[in-house]
Amino acid sequence: MSADDAGVAILTREFLSSLAGEGDAAGAIRSAVLGAVLASLACSVLGCFVTLRKMALYGDMLGHAVLPGVAAGFIVAGRKSTPALLLGALVAGLLAAGFTRLICTRSRIKNDAALGITLSVFYAIGVWLLSYLTGPSRPDLSSEASGLPLYLFGNPSVIHDADLAFLTTAALVVLLVVVGLFKEFQACAFDPSFAATIGIPKRWADTTLLLLLTFVIVVSIKILGVILVAALLVIPPATAYLLTERLRSMIICSAVLGATCGVLGAWLDYVFDGGVGPSIVCVAFAVLLTVFLFGTRHGVVATWVRHRRLALRTVRENILASAYRVRERTGAAADSIDLALLAQERGEEVRATRALARRLHGSPWARVSGDRLELTEEGQRRGCNIVRGHRLWELFLQREASLAVDHVHAGAEEVEHFLSDETIAELEHLLGRPRLDPHGQPIPAPIGSGDTSALEKDATTAGRDGERR
Amino acid sequence: MSAPPLEFHDLTVSYNQKPVLWNIDVAIPEGVIVGIIGPNGAGKSTLLKAAMGLLRLSSGWVRFWGEPLEARRRSVGFVPQREEVDWDFPITVEDLVLMGRYGHLGLLRRPGREDRRIAEAALEQVGMAAFRKRQIANLSGGQQQRIFLARALAQDSRLYLMDEPFAGVDATTEKTIVAILESMRSAGRTMLVVHHDLQTAREYFDYLLLLNRRLVAFGPTDKVYGEDLLGKTYGGHLTVLSRAAEAIRASKTGKP
Amino acid sequence: MSDDSVLLGLASDVELWFDWDLDLWPLVMAVLVAVGGGLLGSVFLVRREALLGDSVSHSVLPGVAAGILFADWFVESSETEVFGASFSMVFVLAGALAAGLASTAIINVLFRYSRIKLDTALGAVFPAFFAAGMILIKLEASGAHFDLDCVFYGALEKIGYFGQVAPTLATTVLAVAFTTLLYKEILVTSFDRQLAHSLGVRVGLVNRLLVGLLAMSVVAAFQAVGAILVIAFLIVPPATATLVVDRFRNVLWLSALLGSTAAVLGSWLTIVLANVGLETARAPSIVIVAGLQFVVAFVVAPRHGVVVEWRRSRALGRRILEENLLGAIYRVAQRTGRGSVGLEEIATALDYPCACLRSAVIRCSRRAEIDATADGHVRLTRRGVDRVEAIIRAHRLWEIYMTAEMGSAPDHVHDAADRIEHFLQPGLVRDLDELLGHPDADPHGRTIPARE
């Protein structure tokens, strides 16, 4: 059923009203939404540990591997009884986990390949059984078994109260275990060897996590489907990971995100009929991308903005430093430097220098005025400091790192922008208050200290090897 | 005479069926700082990990005050190498230090006020109290090492095994760590420290354990720190051990 | 038909096993998928990127759906079956390619520009793409004749003519060409990326080619085996191959061979079962056969198999027991001064049950190291004595080595020497002797038996 804008609004209203409404249809929708929320919640909380322990692909494997268990449960029970299917799935999941571990420990096959083998072979067995059960050789089962393939995609429309009960149990158990065993899970996830040394039974914690994982996956596949349940174990926790600094906050954030995506996914499915599981996953992923791009701390955009700011500051400081050097060389006035001289100092075309100098607009340090660069006192001080830091660093590299004189410049060019006043003072102290840098150039005293001796040197002492910086 | 805090007897550890530590026999006395010295690949970290039960022993045993580790866990603290941890993990400085108290709490118990006080005190002692709310990725190498040490202090153990606590830290941190170790020694604790720098080894440690796949020497620093023993540790050719190790591996795995 | 009669049917009617009419096209398709999958999968397996295949096979779904929609719109032919006419197949392959590359690009971006780890990025992106694909398919289900079952089960049986096989033929040929012509580049980029860079190999290009080829192969295989089972072809035969052979080149062709064999066997089995009334799908049967191949290799592979490992450790245990036995006879004989020794005395000396020693005695006497007399006593032959003396020599030299070079106390060296004496080869013992200056006596003062 496709929907246009008006249709979306209408359907949304229907959706919301049925959440509170009466009758079977509303009840079904409520069950579906509740099921979606519970499944997402359980997966998102447990998923925090799964992702932190780098077991994300393990969840994917388990999601696929439980399929033969579902089919086997059906065969044994003769019908689609939820407990039977769930038990079968649980057994299949545990067998798969054991099989993977066996492959890894007893052969040279690595973990990722072992997961892939288990995943595909178990899944194939499941599909094989399903093809038999829904195929022409068992017409007696065809109506009963026809619902089984939906376990692949998730089908919330057949959520019974029994399923909700299981989901609620799963969510509660997960929450209880996570809260109760929080410190054990945290220690094992963060620093397993330390955890082992303080006596936290790591094997035991691992097994509990695995059991919980299997249980949660098994009860969630009816809503989310076999393939997508693994997504809910990874995407909301990954989003929370980008947003938080502490494990406790990460779990809460992930739970909230998961539940929200559950509701939104159910709503989207109602309106657009794309399937509940896929809708939830797509919403969750959209949120992840948004946080990834725009998160204030770690987001790509924020990082890019920070880089740009840094680049701008570097350009500006280079101009100020060059201005200081011009003043040093020619004895020109400190607060007004000819752009042509500046260009000469930098070895550039005047036009290029002017363009760069213009970037000082909006800063409290200098601005271009006609053919000159007008510096404020702050700007002069800054330029002097940069040069000071540069030369001290060169001396430091030469003395402490035994770098050749013609090699120290490049390193200092980069570092000069990052030397704080304290570091410069420390450098000076360490080097014993030097007067000259490796090229023989004077190390300026900070402007305002009254010491202008550096500026009154002879212009001919500029660099024995012609290198002047 | 009471049992030594740590004793190794005929300890052999193998990796992939190949012995990497051979028949280590040594008893560490109480209340001293011991430095484990040796070249790369000597098995120094392996020795600590084997003692802590993180690696399987091919032969021999390890005893803490005459008993196995499980009986004495509360009294033994381990400070692992920094690299082995995921620094992006969502955990703050104070959370990490508080982890040192987990060994004292049973299952299902949460850290209480006393535990937090101890953790806070440990942070103060290493000079990192101001960073308590910071996520651990935003710390320098020296700061990270300090909080690891704080975690160990919070454990309040009698014996500490430390794996390269001085690796990659700045000079100030190094001095801080040395000072802390000395104060711990004054409090009667014993420390076994894997160290990589020969020169500082002489100043920092009371005893030296020279190790290169086998025990070369163990004793007070001034007795052991000498050209011949150090030469044997760092320069000794170990072809016999290598070949024997290879032979064992080949027999056990069938891979020539 | 009940299960009993099925089994009965299978057992009794031998003809059923051989009465098979193996249609050509499904078989060709299966073999092509197996070969292409085996080759490409081997490459990803050795790069520890086995699950990239899993990832890509999920990620291509939206590309496939978009491609079909596009083709539908463009071609306007109402008989556009799922992946039917080869014209729409071009769109589908293009869509798959785009989706595959896009998903790996997003995974890389997520991983590189945030603190998200690689497996998390993988686990986030490909289900998301898959979900998007599922939504697309569901929304447009009425448009084209989508068969959702096909996506999951595959429809190998429905392959009936060359047009359907052609795309897979193309991707398989490409895979063969790629792995043959660019073998060196693939090898070096898989083994050591940095080395490859330094050699001037275009690592990024090779990687993108691989992923692109993978995406297209996966899609071409969809109609045969379904979206998920295609992973099996990428992982299982290559994994089986790595258990059996050691060189990459051999892994490549062995995977292709194993995959093809599984294809044939699986198809055959499906038909046999169908003949007795057990209708199953062909594709999963093939995968199950591949799985069985893996299990067999896991258990019996020469060198790495579980059975072999077990036999080896048993053989080692036996050898050590025999050597200990010979040694015990020697020592007891020396101590009591008699030539032959009773088995009970040996058992006591070794602290080992008498019964278990008997088989060791038999083995040693077969090798002419022991003479067993009628009254249950045993005596060493010259050969046995030589063997024992060699071991004692090794033991005592090692004890000296431990006290001299390893700083061990003399009373601590016996147990260690006891353990290692069985592993020291003659060459090493000779060198030990030389290193230690041809000593005559061990730390306990006992003489060291002379060399031959």
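Labels for the chains are A, B and C, by order of writing; each one numbers its residues from 1.
Operating definition for what follows: a contact is a pair of C-beta atoms (placed from the backbone, for glycine too) under 8 Å apart; a residue touches a chain by one contact, two chains touch by 3 or more.
These numbers were taken from a predicted model, which means no experiment stands behind them.
Chemist: What's the chain with its C-alpha centre farthest out from chain C?
Modeler: That would be chain B.
Chemist: When all chain pairs are ranked by how many C-beta pairs they have in contact, which pair ranks first?
Modeler: Greatest number of C-beta pairs in contact occurs for A-C.
Chemist: I'd like the Å distance between the centres of chain A and chain B, where a centre is the mean of that chain's Cα atoms.
Modeler: Once rounded, the distance between the two centres reads 33 Å.
Chemist: Roughly how far is chain B from chain C, centre to centre by C-alpha average, rounded to an integer in Å?
Modeler: Chain B and chain C have C-alpha centres separated by 38 Å.
Chemist: Name the residues of chain C that each touch 2 or more other chains.
Modeler: 115, 117, 309
Chemist: Which chain A residues sit where two or more other chains touch them?
Modeler: 241 - these are the residues of chain A that touch more than one other chain.
Chemist: For chain B, give me the residues that contact two or more of the other chains.
Modeler: Not one residue in chain B touches at least two other chains.
Chemist: Which bits of chain A are touching chain C when the two form their complex?
Modeler: 2, 51, 54-57, 59-60, 64, 103, 106-110, 112-113, 115-117, 119-121, 123-125, 127-128, 130-132, 135-137, 149, 152-153, 227-228, 230-231, 233-235, 237-238, 241-242, 272-275, 277-279, 281-282, 284-285, 288, 292, 298, 300, 303
Chemist: Considering only the defined contacts, which chain C positions touch chain A in the complex?
Modeler: Listed in rising order, the residues of chain C that touch chain A are 1, 45, 48-51, 53-54, 58, 110, 113-117, 119-125, 127-128, 130-132, 134-135, 138-139, 148-149, 152-153, 226, 228-229, 231-232, 234-236, 239, 242-243, 274, 277-281, 283-285, 287-288, 290-291, 294, 298, 304, 306, 309.
Chemist: Under the definition above, what is the set of chain B residues touching chain C in their complex?
Modeler: Residues in contact with chain C: 9-10, 12, 22-23, 25, 59, 88, 137, 214-217, 236, 239-240, 243-244, 247-248, 251-255.
Chemist: Report the residues of chain A in contact with chain B in the complex, numbered from low to high.
Modeler: 52, 180-184, 186-187, 189-191, 193-200, 241, 244-247, 249-250
Chemist: Using the touch definition up top, name the residues of chain C that touch chain B in the complex.
Modeler: Per the stated touch rule, the residues are 115, 117, 303, 308-309, 312-313, 316, 401-402, 405-409, 412-413, 415-416, 419-420, 422-425, 428, 431-432, 435.
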